[in-house]
Amino acid sequence: MSITDKVVAVVTKIPVGFATVLKTLFRKPVTVQYPEQTKPMSARFRGRHHLKRYDDGLEKCIGCALCAAACPADAIYVEAAENTNEERYSPGERYAKTYEINMLRCIFCGYCEDACPTNAIVLEPIEFPTGYTRDGMIYVKDMLLEPPPAGAPATPQQTPAGKYDRAILPFPPITD
Amino acid sequence: MADLVNLTIDGRAVAVPKGTVIVDAAKKLGIDIPVFCYHPKLKPVGMCRMCLVEVGTPRVDPATKQVVKDDAGNVVIAWMPKLQTACTTTVSEGMSVRTNTPQVADAREDILEFLLTSHPLDCPVCDKGGECPLQNLTMGYGPGMSRFDYEAKQRNDKHVPLGDLIFLDRERCIQCGRCVRFQDDVAGDPVLQFHERGRHMEIVTFSDPPFDSYFSGNTTDICPVGALTTADFRFKARPWELASSQSVCLHCPVGCNITLNTRLETRTGGYEIKRVMPRQNEQVNEIWMCDKGRFVHHFTRAADRLKIPLVRDASGQLVETSWEEALTRVAGKLGAGAAVAGVIGDRIPNEDAFLFAQLFRDTLGRADRRQAGVFVSPRVPAAYADIARDYGIGATADFKTLGKGDVILIVNGDLEESAPVWFLRLRQAIVERGATLIVAHFDSAKLDRYASRIARYEIGQAAQWAEAQIRSQITEHRAQDAAPNTQYAIRDTQDAPLLDLEQLKGARNLLIVFGDEKLNEAGARSLARSLANLLILAGHAGKPNSGLLPLYLHANTQGVCDMVGAAAELPEQVDVAWLIGVGNPDDTPKARFTIVQDLFLTDLAARADVVLPALSFAERDGTFTSGDRRVQRFYRALPPLGQAKPDWWIIQEVARRLGAGWRYSGAESIFADLTATVPGYAGLSYPLLSQTVEQWPPMGRADLYYGGTVYDNTGGLGARYPAGVEKTGFTPQVEWLPAPEPSIDALSRPSRRLYQDGELIRRSGVLTGHIIRSDTIPVIP
Amino acid sequence: MSPDFLLFLIIALVAVAAALGMLFSRSALYAALFLITNFGAVAVLYLLLNAPFLAVVQVSVYAGAIMVLFLFVIMLLGAERLGREPEAAAMRWQRPLAIVLAVVLIVQAVYVFATRASAVPAVAQAIDAGPLNIGKTLINSYLLPFEVIAIVLLAAMIGAVVLTRDK
Amino acid sequence: MNPILEALVKSVGILVVALAGFAYMTWVERKFISRLQARIGPNRAGPFGLLQPVADGIKLIFKESITPANADVLVYFLAPVVAVIPALVLFAVIPFGSDPAFQLASNINVGALYVMAVLGVGIYGMILAGWSSNNKYALLGGLRASAQVISYELGLGLAVLSVIMMASSASLNDIVAYQQPGNILGWLIFRQPVAAVIFAITALAELARAPFDLVEAEQELTAGFMTEYGGMKFALFYMSEYVKMIGMSALFVTFFLGGWSGPFVNEAPVLSLVYFAIKVLACLLVMVWVRATLPRFRYDKLMGFGWKVLLPVGLVNVVVTALLIVAGVPGYK
Amino acid sequence: MLKEKRAPDIEKTLAKYPSRRSAVMPLLYIAQEEYGYCDDSAIREVAEILGLDPTEVKSIVGFYTMFYEEPTGQYVIDVCDDLPCALRGADEFVSHCERKLGVKAGQTTPDGKFTLRTVMCIAACDRAPVAQVNTEYRYALTPESFDQMIDELRERDGK
Amino acid sequence: MDKHVLLRDLDAPNIRELAVYEANDGYAAWRRALTDMKPEEVVAVVKDSGLRGRGGAGFPAGLKWSFIPRDIFPKYVVVNGDESEAGTFKDHQLLDNNPHQVIEGTALCAYAVQANTAYIYLRGEFLEPSRTLQKAIDEAYAAGLLGRNILGTGYNLDIHIHLGAGAYICGEETALLSSLEGQLGQPRLRPPFPAVQGLYAKPTVINNVETLANVPPIVLNGAQWYRQFGTEKSPGTKIFCVSGRVNKPGNYELPLGQHTIRELIEMAGGTINNRPVKGVLPAGSSAPILPASALDTKLDYESMQAAGSLLGSASFVILDDTVDIVWAARKMVRFFKHESCGKCTPCREGTHWAMNLYDKIISGKGSLHDVDMLAEVANSMAGKCFCLLGEFATSPILSTLKHFRPEYEKWVSESGALAGA
């Protein structure tokens, strides 16, 4: 490329660039004014954890912390405690006394669902996975736990001895 | 190592000592043979059948008795038709073992499938989940799927308390009997047994109280499944969440190597100790520890720990203050006092004790008009720590080699109550390896049952007994001295005199374990000297496995005494007293101004003028010197609590305000100066103490099934410094001290019990039910 | 005392102080900064002498360009900290020579002040120090020195290029 | 009016305008560049985000003042001051309007040279900041700044020289006056287009603005010489940059766009201020536009461009201008 | 207490073995004779006599079928229903016994008189169906002879 | 055979009394041995006679005695009277009716190995026989045949009875020793073998009641006399227990290898209602079942092994065609499940699993898959168990599946119809 060509190129091409940028000035801004405006979430998006209950109101979560172990973002924190028949939260011996998910860390991979041996944690649709404080983005057990089904008592329940001595119920027989 | 046997395992040759079982031989080669019932520390039984391997021996021609060789000149191996258990088959010359054949793999798969037919699928809620041998071996060798009908699974009780410390899950038990054998063979408390038979076989305890053993926690470590869990750790955390930190137990003179498992908690808002696990040190505790060490850890995060310095204000109340103010006040008072005294407890690490002693000796003691002294609490062991240091067991002593031909003499102490893991180790030396035990004590103790001779004397008269017994054995003394004091009745259960000097002289080694129960300072000193003389006269002074083994109260009695030096008379009255970790008010002089440095607002602290919050052993680095003079490092496991500071920091800050130019940045830098100053510690250093060597059997590795969930030792095995008598130019010579009259206060002191009431044990949740209040221990047994 | 003289005194003091600071500063960078201050003060002195062009050029060329280069070099070489001990062996003759020169300079100054004090006007006269006049003066009266300096600078420039060129 | 008092009032006036201009220049830049990028820009603090500069200022004021370890504390604290003073002093000679009242130091005959001098000194802030922070990024930023400014000052000088030659005066008032033949073609931009272009380019380089913002190239140097600065000290650097932007624009207007000139200036002198302001604003917007359009130069290219293109072209331009003047070509006399 | 009550028997038993522990089974038989079954206190007494931990004795009791951990009836009727006996009608015979006593195998009659148990081979297959009443053999039983036996036993104690 | 060697009560009904026994050459061998023979000679005679252990394994008794180290004292003789194999009742009869011969055999054995203490371990159910035996022992003591300084020879011997308490596994010799020591009746590791470290870790001979009952005639009459019975490799006579579907179940003493199973059944009066024989269990539950085709097998150790089974304790349970094999197999597996000591995994879990499968099949819920699974479970157990009990437990499963698989298939195919039958 000769000097002349270079000069010509500079002189001709640079204005094109400037014009291009200037043209943008008249384009509609692409900014979405969150939170006044929102973009609709995908209908299949599952980003909000729920802790499920059995039909009798007992919590499915047994506090095994496998979700915490599976979580690649280390977003889940579980502390377990022991059930008694007088004060029963879940079938079996163990329940989650503390269950916290840091939604700021969650990457919505769903490994916690996969890891859960009792299908207690389920990701469900969510409108705004947001909050104004860091503390507020740590979802504690009360926020995650679903209310008991209609007619069923909340936890802790008083239960008869021997009825709930197994944490993990046998898998239903595979029928084809 | 004389008898080595050569064999090949999977084609690789190895030479192992005669009598080794195949599993261990394979381990030497790094070949893992899966096991459940086998444990290298227990006798093999071959119950679980997991370790089946192909075994062959060289074919011998019956006619010529020669080993048959094939055309290529290789030895022809006669393979046994059936698989053999590698854990019970001892090696023989020329043996050949195959662990990687399809037949072996099938057998392992079959056994695992059998085990899993009765094992529940509750790994998610099982405390062993994550460090479970059954889990690991199933993943490694098991069938992909069980053909057993899930519905037909046996249902058993899942929550059976075996005592209040250990819980049994009957479903998870795979009947390997490790716990039963541990209690039988190692602990000597056969309080766990099988009950019923066949598929109904289960573990029971029927002792009163249930599972009555100081070593129950160990069964949970070696349990290859989650059948046995401790009440303390049950459901508290998952193993993979735990951070581990290497430490040393501080409750008795043994100095067990432990691992502190910590985890972040919402309750305390920070890290807290979730469990205490043993850490392998074949020289000290092997892989065992007692329940006190295991469960007395809650004090580290007790709600009533001191977090902020306190000073007494004008109105006489203790009020919170800043370090600056507290330290300035302490320094001001110390600098002004004409007579000052420091008393330091025997759970304080060496570094802190060293600085404390230096402060009183140099910084405060320099001014000529001033009286400054530093003392150890409790006073009694301090009276004979120098004898224990000079005549203790040798630097290379090893409990493992004690056995036939050795004599163990236990005087005036209950080994199991005072030093439980020494009890285990000496018990093994006696029961398994045939050492001779002689017991002299005013009370019966568990070890008595293994004794070949037992002497009883009147309570509090150990020193008299020792003087009489030992002096009477020695003719030259008998000639010189007056007749031994026979005023005190000696209730010897044997006709013959208990101690036969000729017999002791003929022994291979003489290990003298002694305690200071019911003795005052003078009595304890006299006893120690008598025993040291016995050692010398029997000709065992300076032998590695011979010597005195004192039953101190806590982990660092020897260390603190080494730092503080010769025991002096405690003054009655001083101007300023500074008490660090002192539990006993008797050990404190009266003072116009008292400074107490402790973890809790003890009775002593509540009366003090300044209370300084110290850090517990779990929150800092340091070293302890165990009763057998092994200096061991422990490492920080927890972040500091509140504004509490390590003892050495507090001492240094005060010293600097008094003009000392100390600029220690941590325990290690203090230790460097310590080794230069304190006799015996020369040559030691943190790097040296943190050295580890390959220990046999290798435990705490990834192969949890081999040794249990014990931790590998990466923090250092520590080092024992040589006893005085081992040093060149040392003349073994101890002056007799006449045994004093038993003193009333010593007699009224309670006998030692492991779970004796104390500041620390009081704050440990699960053991509180076991605490023996001092006033309930009978004074006269 | 006129305000101009007061100003002169202050500025002169600053200039001398800055010069001394430069001399005694241990840090090359600080020395450079003192020098810049000195240049600034001198520029003000020019202004007082009604020579704004010279003042501006002083600032622009010396402070704005040359000293920036100095700083650049100092920073690039990391030579801002001078050694605590002078390398006595290397330049043993340096100190005596400096003293000798200083003495010569002082003697010279005293001589000039003593002999030609009257020749220096007490107050600057309104001379034309504009660019036109300076240019004319340089090219007419001082042509030779001007050209000599030009050649010297050219030689220095060529020398620098040659020295830094890769072989 | 007392001349001293008058100077004081004018100074304060200029200071206020410059600082307000700085503050709102940040707003203008953010707003304009965001529009150029199809964004909205700040719109939360106040209507159209107009209070954003205030919010930023409050934030910066309340930031903790941090001194890096081993920094040269004196120089570290002085550097921002050294940076901001030349930027403000620049305005002393610029005629903002037709009336002498609209100028602080009216009719200094070496005005253009004064400008050159002040610009030359302005670089010390950056250099000293870079050196005193004891930070490798800062030091590199400072080094780059010194090298870059020296290189481009020559081009700038040559461009200004052309203008001075044309006007036969270094006084800014004369230069403005020279450009007033009654029509817009009197603007030097039409008679000295090459000088105008060189001035524009070198001005950007002097300001260390895109595409010549290597001094603070965040991808390479974090924030260059400002890496260790925060809070108000950082704000001072920021201020110096934007005030210099305004100053440079004012100079460009003065040199090439006829200064405050415009219709009906004589009738209503205030209009001259308005014209001047509009022209300056236009220049500022062009700077932002440039920033939005052009990528950053590579350092060696930057130096090469300065020495190998701008300097020769500038020299040629001076020679040609001189020849034209000597030849008496119409429009050049 | 066992120790005092059965001192001669215990002495005699202990004398038979070089190890006290060997006497655990004979002593348990003695305890069972005394108490009817091996209850907790019996186990603890035996343990104390032998110097064992109670757990060890409990373990022995659990392992062997002839030590009863639960109270039994006055007569423990062990009917063999293993293969050789079953080939000769033992299963039907057991059903008959259950009907006659009104309890299932393994249970004790409400009056506490009889405990019916089925056991594995008791080495009398040639004379099946066979039962042991408190370890006393009753060979070649028929439903009729069983009824008669029960009635006799009932009667014997009725007096 | 004209006279019984063992079941002499058939010839002399009151032989359980010392006088009657002595009248029939009782204790003659004992007297001769004590006075005329060295212990080694006794061992040699027994060795020469080729007497094989009658407990089931068939190990030569003399050889076993010769393993006992001479120089270690004390030594023990333990007599295994824990007769628990289903279908075995020979010792019961011996103890009930001919106890002195057992005592004399025990005494001879003790003398042969120079033991001074012998324990006769009887199963707990043998309370009645133990009383008979104790009475006989007391008689012998009274007659100076036992105790201190027997017959003035200076030899001391004490014989004690030890009662078990209901555990089949205690028939296994090491389990028996454990039980005798007061431990759980669980088998021990071998080596060390009992001959080296047996009872109380001292050299110990363990022999079956019937084996020792053979000793007095051998010592009295010599090895050659004994060898006239039976075959070369299996000399002597043996008590055959016949039970099950025959008309005259009972003990039949026959020389080994002289007769066939068919003849034995005929001696026992043939099958009930003369139904055809379906199968024969030659050693209770422990040995594989023999189908009717093997009825002509000779009754000795080698022939039985060749036929695919074992002679074992020679307890023949005869099954005729009315017997359901699956039902019978379940009974046998139930026995092993009940008697498994629980020490080793395959036996503990395998018997439990197999029993589950049998229950499933019998309850009509089974499938062919479960039948195959039975074989797989049994194969998984085979060769991996700690002691023979687990191995034995597989034989009813595998042998019935081998010979009678169609019956299993019938169960699972007609499961619905047969459920509850």
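First chain written, first letter: the chains are A, B, C, D, E and F, and each begins at residue 1.
Basically, a residue touches a chain if its C-beta (ideal position, glycine included) is under 8 Å from a C-beta of that chain, and two chains touch if they have at least 3 such contacts.
Being a predicted model, the structure only gives us computed values, none of them experimental.
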_Shortest hop count from subunit B to subunit D along touching chains?_
2
*Which chains are shared contacts of subunit A and subunit D?*
none
_Looking at contacts between chains, which pair has the highest count of C-beta pairs?_
E-F
*Chain occupying the middle, per Cα centroid*: B
_Averaged-CA centre spacing for the pair subunit C and subunit A, given as whole angstrom_ = 72
*CA centroid of subunit C to CA centroid of subunit D, Å*: 29
*Chain centre separation (subunit D, subunit F; CA means) in Å*: 115
_Centre-to-centre distance between subunit E and subunit A (centres being mean Cα positions), rounded to whole Å_ = 64
*Of all residues in subunit E, the ones touching two or more other chains*: 59, 63
*Multi-chain contact sites of subunit D, meaning residues that touch two or more partners*: none
*Looking at the whole structure, which two-chain pairs count as touching?*
A-B, A-D, B-E, B-F, C-D, E-F
*Under the touch definition given earlier, write down the residues of subunit B that touch subunit F in their complex.*
44-50, 52, 82-83, 88, 107, 110-111, 113-115, 117-118, 147-149, 152, 154, 174-175, 193-194, 196-201
*Mind pulling up the subunit A residues that touch subunit B in the complex?*
62-66, 68-69, 77, 79-82, 92-94, 98, 100, 117-118, 165-168, 170-171
*Any idea which subunit D residues touch subunit C in the complex?*
75, 108-110, 113-114, 116-121, 123-124, 127-128, 130-131, 139, 142-143, 146-147, 149-150, 153, 170
_Quick check: in the complex, which residue numbers of subunit B touch subunit E?_
189-197, 204-208
_Parts of subunit D lying in touch with subunit A, wherever the complex brings them together_ = 34-40, 289-290, 292-294
